[in-house]
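Shared chain: chain A. Partners: chain B in the first complex, chain C in the second.
Let's look at the complex of A and B:
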């Protein structure tokens, strides 16, 4: 940070002092490496994630309006969002949105759906069982495993507390 | 109004995760596992349900909501069936999300081809 001088590749090549040359080189690498703008990424994730949730809210409201109770409405919303996410994954659009939205497309349930659909399409050529069958669980498998296990542990705690009459 | 809250809450959760992704070496798969587990822990502590009532889809669409539903199903199953509920509740609650994703993803593999072709 001591010198704010713009370093070019020429500077590095022409520099005879090794120590200074190394310094220039490091500066050059730092300048050339694309900067990951964290505030910008965060804003994009906020926007995309927020929009997906608004779409979810719209479907939930619609299903409740159509006569479903709240829990059922949310389940129908899940199915709808999963379906749409997989459709978008199939036509290659979800990946583009994900490139822009980052965590905004990963955090909603649509990200979970995408993590199944993308490898299913991708590894189709490797066969029904070892291609699609295995690869579909690459990311979803751990999520299911730890989700089930975690809720099981919490369930045991709840069960014991219930036996003891605490809850 | 519920749309605004859903947008702000859902967006905020995604923004927090984005900051996590940018500042740590966490991979997306791990983040998803963390989100689901966080959701079910918050659900077990009784914190997620009131939050979800207020935030609507902003709380139910992110994977933390999926985790919350997992514990909710677990609790219902234990209340109803006792010990055996421990081995039923999780899958019952997550059945819709997991089944729909599996089924649609598999069907998608019939119709779509990889975009990575040279």
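Let's look at the complex of A and C:
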């Protein structure tokens, strides 16, 4: 890339070649647009995501303490977290936490629950079938599709490796 | 023949019109939501409703209701009935203009439904002024609306979805602004106040500088505002100081900086008298609106309340009102298209 130098507004308006002008303009826009601080956002995500995980661990411990075996305890924890995320979405709080926590609220299973509850709330007015039914997966859909697709591909690789005696 | 020559002289330069049968803006109205009412201009709006649903069941119905309230209010303020209005020129942000269709249906006024994204108010006032100047209408009602939740739903994510907005993103204004434009025989003058007239317009072209970031609409629209304003200066043969204020629609902090920079490089300094409705309408710090307000309602209610008052009281003699629009849809964005902009300039003066 030759245009490492600072692009000025003058370069943009004096450029007669549209493609080059657009390139200059995009470069210039990048320079003047305020950016998020990555370390700050990462720290916030770590904090919020960490708190969610600690809450999850507390539930797991509680369920095991109540007599569930480890697998069942974890399952109960998942159900509890999903329930809480949906509840918070319904009362409009999840978005407020996400605004602060970013990926910290997106990556745990609570983010997945939110991504389905939010369209359900939004599109309820358009009916049970064409509203909720069709649109509930608008955000989560790609995750499910490519999640399943990836496990299928990995499954085949695993199968082949097994045939070859590697694993 | 004389008639024809007369008409030709209304055209100014390449993209502008200088009106001869001066259209008057005789009344304005503004309806706003709660967040807007908490902003710096909050006390100026005619109607404020704290209920984001405006008593309706859906966001779309709510927006129609806002528009209806704005139309009713402006008629009331002008002391007119719906039957006194010859044409209604209006539009909104929702797909196929449903806020407008359902909002003003009951008024039974002949309609030109228009789409110019957030520049719609400029377009509606331009067309209204043309109709009046041409003698095709004695009174025209120009109106636009936008609703935060409706726009989020249409262009972005469901409201409760947990995502973060970048600093360059703007906040769609919930509100509707309306103006009534009349010819000189139907103007309504009140003693002690100036008449507000539309002197001319500069109609914008679609301007695309190749920006693809729909979360940075200020940057997408700034080149359009730049080209329209520059064209206005050239067509009318004026300098920036000709206007007391040059008022852009919703460029926000990022877009306004770009516009001032671009015009500066072209030899026009507007840094002293530029104002952006998107910057004025919210308090960036306390209201957490990032780049500023946006939407058709943003420029419409800012004009209908704040700007109109300044002209009425003669505090400002002449302004250039330039609503700006970003022309995208979810489909065009998903298909990797750029986000072109458009801006329509209206020259408005206080007279008498």
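Following the convention adopted for this analysis, the second predicted complex is superposed on the first by the 124 of 167 C-alpha atoms of A that agree within 3 Å, B and C clash if a C-alpha of one lies under 4 Å from a C-alpha of the other, contacts with A are read in each partner's own complex, and residues count from 1 in each chain.
In the analysis below, a residue touches a chain if its C-beta (ideal position, glycine included) is under 8 Å from a C-beta of that chain, and two chains touch if they have at least 3 such contacts.
Note that the coordinates shown come from a computational prediction; the quantities given were computed from them, not determined experimentally.
When the shared chain is aligned, chain B and chain C each come close enough to touch A:139. Residue contacts after overlaying the shared chain place A:113 against chain B, while chain C stays out of touching range.
By the touch criterion defined above, A:26 reaches chain C but does not reach chain B. Contacts of A:122 after superposition: both chain B and chain C are touched. When the two complexes are overlaid on their common chain A, residue A:94 makes contact with chain C while staying clear of chain B. Once the two structures are overlaid, the count of chain A residues touched is higher for B than for its counterpart among chain B and chain C. By the touch criterion stated above, A:9 is placed in contact with chain C alone, chain B being left untouched.
When both complexes are overlaid on chain A, the residue A:158 reaches chain B alone and has no touch with chain C.
In the superposition on chain A, chain A positions 36, 89-90, 92, 95, 102, 106, 111, 115, 117, 121-122, 125, 138-139 are in contact with chain B in one complex as well as with chain C in the other. Against chain A, the residues of chain B that register as touching in their complex are 2-3, 6-15, 17-23, 28-29, 31-33, 35-37, 40-41, 43-44, 56-58, 60-63, 65-67, 70-71, 73-75, 77-78, 82-83, 85-87, 89-91, 93-94, 96-98, 100-102, 104-106, 108-109, 111-116.
Of all residues in chain A, those touching chain B in their complex are 36, 38, 41-54, 56-61, 74-75, 77-79, 81-83, 86-87, 89-92, 95, 101-104, 106-113, 115-117, 120-122, 124-125, 132, 136, 138-140, 142-144, 146-148, 150-152, 154-159, 162.
Note for the complex: chain C touches chain A at residues 57-58, 153, 157-168, 208-211, 213, 216, 219, 223, 226, 254, 257-258, 261-262, 264-266. By the touch criterion stated above, chain A contacts chain C in their complex at residues 8-10, 12-14, 19, 21-23, 25-26, 28-29, 32-36, 89-90, 92, 94-95, 97-99, 102, 105-106, 111, 114-115, 117-119, 121-123, 125, 138-139.
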